[in-house]
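After the structure tokens below, expect a handful of questions from me.
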Amino acid sequence: MTIDKRVAGLAAAVAGIKDGAVVMVSGFGDAGNPTELLHALIEQGARDLCVINNNAGTGRLGLAALLNAGRVRKVICSFPRSSHSEIFQQLYRDGKVELDVVPQGTLAERIRAGGAGIGGFFTPTSAGTPLAEGKETRIIDGTEHVLEHPIHADVALIKADKADHLGNLTYRLAARNFAPAMCMAADLTIVQAASIVAPGGIDAEHVVTPGIFVDRIVHVPDPISEAEILRDEEAGL
Amino acid sequence: MTPLITPLAREQMAWRVAQDIPHNAPGGTYVNLGIGMPELVANHLPDDADIMFHCENGILGMGPVARRGEEDFDLITAGKKPVTVVPGAAFFDSTDSFAMIRGGHIDIAVLGAFQISRTGDLANWSTGDNTVIPAVGGAMDLAQGAKRVFVITNHQSRDGAPKIVETCTYPLTGRGVVSTVFTDLAVIDVTPAGLMVREIVDGLGLADLQAKTGAPLTAAPDCRTLARPQN
Amino acid sequence: MTIDKRVAGLAAAVAGIKDGAVVMVSGFGDAGNPTELLHALIEQGARDLCVINNNAGTGRLGLAALLNAGRVRKVICSFPRSSHSEIFQQLYRDGKVELDVVPQGTLAERIRAGGAGIGGFFTPTSAGTPLAEGKETRIIDGTEHVLEHPIHADVALIKADKADHLGNLTYRLAARNFAPAMCMAADLTIVQAASIVAPGGIDAEHVVTPGIFVDRIVHVPDPISEAEILRDEEAGL
Amino acid sequence: MTPLITPLAREQMAWRVAQDIPHNAPGGTYVNLGIGMPELVANHLPDDADIMFHCENGILGMGPVARRGEEDFDLITAGKKPVTVVPGAAFFDSTDSFAMIRGGHIDIAVLGAFQISRTGDLANWSTGDNTVIPAVGGAMDLAQGAKRVFVITNHQSRDGAPKIVETCTYPLTGRGVVSTVFTDLAVIDVTPAGLMVREIVDGLGLADLQAKTGAPLTAAPDCRTLARPQN
């Protein structure tokens, strides 16, 4: 067994991502954002991207920087209006980016469906609301449900805590959020991990994302935290 | 206007909501606090309450807010605030988190509101103003999925319009989802028989309350004075 | 925080299970079977049960014993014909138990749907086969899919490895199988755990089933393994 | 009959299947071996092959069968055999396991068969005999979900009936799912142009093979002698 999904660096990690790609990006607020991979994607140059994330970029780094570089055609997310989301907001008001708002649980479940081979599912979430308009509905056990479709991506950019050479992953604390589902739902899953260990270095019972869902791993030992930077700036540090 | 009444302040409203969250139910009570005013509710629950707080970004067992300088930005609430966790906490991914919500495993969700209808429809995610970027987050999932939805809100909007209305004019978050509305003036249950006033602020009559409300109210048989904290 | 879901013993663990109940039972082959809880259920006396398990009882213990005691009206499973499943086979041939065969992945997903509030889902599995007969189908992206419905239970009987007082669970090795989904999908989830620890005794990142899905925990420190017994019998030990 | 030919033995068939499983693909090859004859395939792959075996009961990284006396019955295959795991294995629950299968993440599933049709329909879970208790396990999920489905089977049933047929008469496991059929006499690819014979056992002509087959065969342009192990 010599499977080894490590790549040499960030440029190699994002090589081959095409213009027009659908790109899932892990993270929620500042927890779990693959900031270094996003910066490498800016360097790499792909444009006209459709990005799927819970938010729509905060601050100036990571997804906000990708947006600011004019590389994003469309954002699919649940909450684009977090604090420090000025870059997205300006682009949206200027008509320079499309937006598709999806309830957070439906977004997660649609991504999982994309990864798990589910062709669609009925959920009560959003029934009777504007977000259900134009969608097929059905009464199930007396409750109106909305038919939702799977989301699949060309690429997933993921931040993990620990990875082994086979792509088995763990995540820190609440930085897990959308990553496990996104790893499943992309043709090419690219992971930045704070530490990389040999096979067996993660207890088989503690693996959160099995390596079968991962294609490339790059070592980013000290990932940037924009929230830490903002806090320190506010504190005058 | 009724000059003698003293509406509850924000923290008093949060305290009032906290009184309706079971503190020592067998097996505990699983609670999700929405972003904003609902977050204040945690300040008014005893430290030893048998309550587990759920954050939809993947935490069960949220503890107090992290101290300045001790934040870990991988450990944040759905409102992106750095927090801590209690012993016995668990982390999980977004699909499992919303399985908890959608699957009816959260006992109580406390949410804010723009409008609540007579039948418990909730509007809290969009005013329909096209100049504001739409953003829904987990609000629709929580509204639909929690066993009980508590709404904490001022009784009237800043311009004096009633927030409790016959039919919501703002875009809905969920239909028929609200269990109880906690305002600065009253506690009102949404029941099959309509809106039942369970508590009303001292000095305010039902007719006065009705005048500030856009849907018909009925006094519950045991309607009493709106409780507020002693201190 | 004084939440404590421990109960005094096996009788207390299964108290209140009603005749006619739908009962999910964790396990696959001999891995993950809550054998002691099943024996307690026999003692408890509930009958006319609908049991959901991957199999239909093997050997003489656990689910096979419950079947042999005549308590089971119906079995929903994927593979009732494993080796040592003589008790079920005889009851089935005698017309004493109903059988509903569901593809294993569809069974797991239907249970998850029941726990996760999904009203139904489309899967390509079983399309064009006798197991899709009478079911709604739909072509999605050129592939025929079958609409499958959630399964919900009154009770789940679960074997875990470690539990804390709040009901957070871990499982040993491949004994995990159906347990996490079943914990979600029952009104009353009853767990036998080989060890029980105080809150904090399981790393929050290693929890497999969060306690929100668990109602009762009973300590069964040395759970019986019928496969071990059979092996030792065959070896003349 | 062709007295001079020597059909492959079971282990030789398993060896032949193993030759078509990539041993050192970048990123490895993820393989699920069905219960019965497919399990033999593992015996014929080099120890250092970049192959991860998936067991649908929740293992990725299945290793060799456990030694007698060292079994752990919490660590079994889908066929309920005690096994071991390799370094870098992972355990997961049934929903995740079938997400791997249904979601197209398993590169190759090796399955047995009662019948295979010209268009790659597979029947391997029921003979339709009402005296036999129906049991499907994970067969339908694997047949439908794996990127490629390899079938390992004798070319004819014990009573001499062809297993490769125009239309399956047994209940289907999946429609149009089989990629390649490995028999004791031939290797046959299911293609949009029909059944293409890629290898045929030494001494057997295509006409002879066709006579044992219930659907039309075509020789692939590079059709050659069926490979078998040297020893």
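Residue numbering begins at 1 within each chain, and the chains themselves are lettered A, B, C and D in the order written.
Operating definition for what follows: contacts are C-beta pairs under 8 Å (C-beta built on N, C-alpha and C of every residue); 3 or more make two chains touch, one makes a residue touch a chain.
Every value quoted in this text rests on a predicted model; they were computed, and no experiment measured them.
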Chains touching both chain C and chain D: A
Higher-contact pair (C-beta pairs counted), B-C versus A-B: A-B
Chain centre separation in whole Å, for chain D relative to chain A (CA means): 36
Chain centre separation in whole Å, for chain D relative to chain B (CA means): 56
Whole-Å separation of chain centres (CA-atom averages), chain A against chain B: 29
Residues of chain D touching at least two other chains: 91-92, 95, 98, 101-102, 145
Overlap residues in chain C, where contacts from two or more other chains coincide: 109, 112, 116-118, 123-124, 171-173, 204-205, 208
Set of all touching chain pairs, with the criterion as stated earlier: A-B, A-C, A-D, B-C, C-D
List of chain B residues in touch with chain A within their complex: 55-59, 71-76, 78, 80, 82, 91-95, 97-98, 101-102, 121, 126, 132-141, 144-145, 171-175
Chain D-facing residues of chain A, complex: 1-3, 5, 112, 114-118, 164-166, 168, 184, 198-200, 204-205, 207, 210-213, 215
Of chain B, residues touching chain C in the complex: 24, 27-28, 30, 48-52, 54, 60-61, 85-92, 95-96, 98-106, 145
Footprint of chain B on chain A - complex, ascending: 28-32, 54, 78-83, 88-89, 92-93, 99, 101-109, 111-112, 123-131, 144, 171-181, 208, 225, 227-228, 231
Touching residues (chain side chain A, partner chain C) in the complex: 109, 113, 116-124, 138, 140-141, 143, 145, 170-173, 204-206, 208
